[in-house]
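What follows is a set of structures for review.
The same subunit A turns up in both complexes below, where it pairs with subunit B and then with subunit C.
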Partner chain A sequence: MSQFSTVQVPKTETIAIQVTAPNQVKLAGTITQKDPANDLAGFFKALHTAALADKLAEVRADVSGLTFVNSSAIRLFVDWATWVKNERGHRYTLRFVTSRNVTWQKTSFMALMSLAKEVLALEHVT
Partner chain B sequence: METAENFPIPKKLAPYPLVFMRFRPAWAYIDGIREFGRFFCQTTFGTQELADRACVVLQETLENAVKYSSNSADSELELSIESDGSNIEFSVSSLPDASHLSSLREELNGIQTLDPEQAYLAAFIRASNEPESSARLGLARIRYEGGVELSMKEETGGRIRITATGKL
Partner chain C sequence: MSRPGEGGVLNGRTLLRAVCTAGSGALEYTHAYISAYTADHFRGAVAQRLSVGAYELLSNALNFGSVSSDIVIELIESDNMVGVRVSNDAIAARISMLTEHLLKLKTNAEQTFLEELRRSVTGGIPRPMLGLARVSHEVGLTLDLHVQERRVSVTAQCRR
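Right, the complex of A and B next:
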């Protein structure tokens, strides 16, 4: 049974989150809480752990519907990319699906790519 | 979309004040003020690109100001948006805890030694290497994504003013 698809989704007021088997998570809305790690750090870590347990080749994180986030939220994506990059055993490709029309996604995911290009992939949608 | 083109910014009065707000340093206000800034820039200047840049500048400068404001009665924030018709200037005045001043000064000086893109990348690398530390991506993000240069002025009574200036 897929561990990825059974990861508990946090309840937040401003973000809609959907996890779909075998390897997709979709986030939409805005993340501007003072400390978004309270809601999301554990969730991203659980997805990462589940992806390793399921031996997934790729995790598809669709953030194209995240219209605005603060830098504390961007930090959470940096952390996720770093976990994958630092994994010594099996590791997967973390594919971010981003929107060409959302400015923060263009700038921040390009920067993230240069940090961990060996484990990241970017896919652009309109 | 209807713009404010019937009310042009007088170029003789540079920089021309467009917005001034004064409010308590509460996190709950930031979303509303950011979205007002988006609406205001879109409506006044008619460009989505500037509206998006304004959002980043307002979100990150106000977050910093709120996070580090002192608890005293005169710690209200002041936000102004001005333009001379060629440039736009966002300015946030706050009364921070004295302990925050030196780290803010150091952070600002640090990012200004690099071009905006390099400084943003460097902030990502630092965040990646220091997973237990706070993000500290905000100021570099303002410069790169907001397309502005940042300056800090220390004012009387312990207040500071962070100003972000960029092309329209």
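Right, the complex of A and C next:
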């Protein structure tokens, strides 16, 4: 049974989150709370742990519907990429699906790529 | 960063002015209001850029400013430009840190953005200042600093 798809989704006011087997998580809305780590850090870590347990080759994180995030939220994506990068055993590719129409996504994920290009992939949708 | 008198100051009509005091939800609610306003009054890309600028400038003021004074956020437009300006009181050490950071951004916004992103991973001291780097590099707003005694005003502006 897929552990990835059974990861508990946090309840947040401004973000809609959907986890789909075998390897997709979709986030939409805005992340403006001062410390989004309270809601999301544990969730991302659980997805990471489940992806390793499921021996997934790739995780698709669709953030194209996230119209605004604060810098604390960007740090959470950086953290996730770092966990994958630092993994010594099985590693998966973390593919961020981003939107060309959302300004913040263009630069942030390109910069993130430069920090962890060996484990990241970017896919653009309109 | 440019100082008043160097040609970078945004002078124009104030479209919106809000006074914000530190407290639960101050950042989120003020930002939501300003984002709704900009989405209503400006084309999509400009509205998105101003939204990031408003959030990060306000967040900086709330995190680094003196809690005893009001924080004022304004949306200002001239014939060609539009910007968001946040004013707050701060101690001299904070003003100095801000000035230095803005100079780094002016010199190389992309490099500074990457450095701050890296510092986010390692956890740096002082803590990472990704917010202004986002404003400058990610959404390409020009930052302008004005200091008068303890009162600091930072304006982030772009073409309309």
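Some points to look at:
We take it that the second predicted complex is superposed on the first by the 126 of 126 C-alpha atoms of A that agree within 3 Å, B and C clash if a C-alpha of one lies under 4 Å from a C-alpha of the other, contacts with A are read in each partner's own complex, and residues count from 1 in each chain.
What we mean here is this: a residue touches a chain if its C-beta (ideal position, glycine included) is under 8 Å from a C-beta of that chain, and two chains touch if they have at least 3 such contacts.
Bear in mind the structure is a predicted one, so any value in this text is a computation, not a measurement.
When both complexes are superposed on subunit A, subunit B and subunit C occupy overlapping space and clash. Residue contacts after overlaying the shared chain place A:T6 against neither subunit B nor subunit C. In the superposed model, A:N38 makes contact with neither subunit B nor subunit C. Residue contacts after overlaying the shared chain place A:Q18 against neither subunit B nor subunit C.
Once the two complexes are overlaid on chain A, the subunit A residues touched by subunit B in the first and by subunit C in the second are 32, 34, 68, 70-71, 74-75, 78-79, 82, 103-104, 107-108, 111-112, 114-115.
Looking at the complex, you find that subunit B touches subunit A at residues 27, 30-31, 34, 49, 52-53, 55-56, 59-60, 63, 67, 117, 120-121, 124-125, 127-128, 131, 135, 137-138, 141, 144-145. Residue ranges on subunit C touching subunit A, taken from their complex, read 27-28, 31-32, 35, 44-45, 48-49, 51-52, 55-56, 59, 113-114, 117-118, 120-121, 128, 130-131, 134, 137-139. For subunit A in complex with subunit C, the touching residues are 32-34, 67-68, 70-71, 74-75, 78-79, 82, 101-104, 106-108, 111-112, 114-115. On subunit A, the positions that touch subunit B within their shared complex are 30, 32, 34, 68, 70-72, 74-75, 78-79, 81-82, 85, 103-104, 107-108, 111-112, 114-116.
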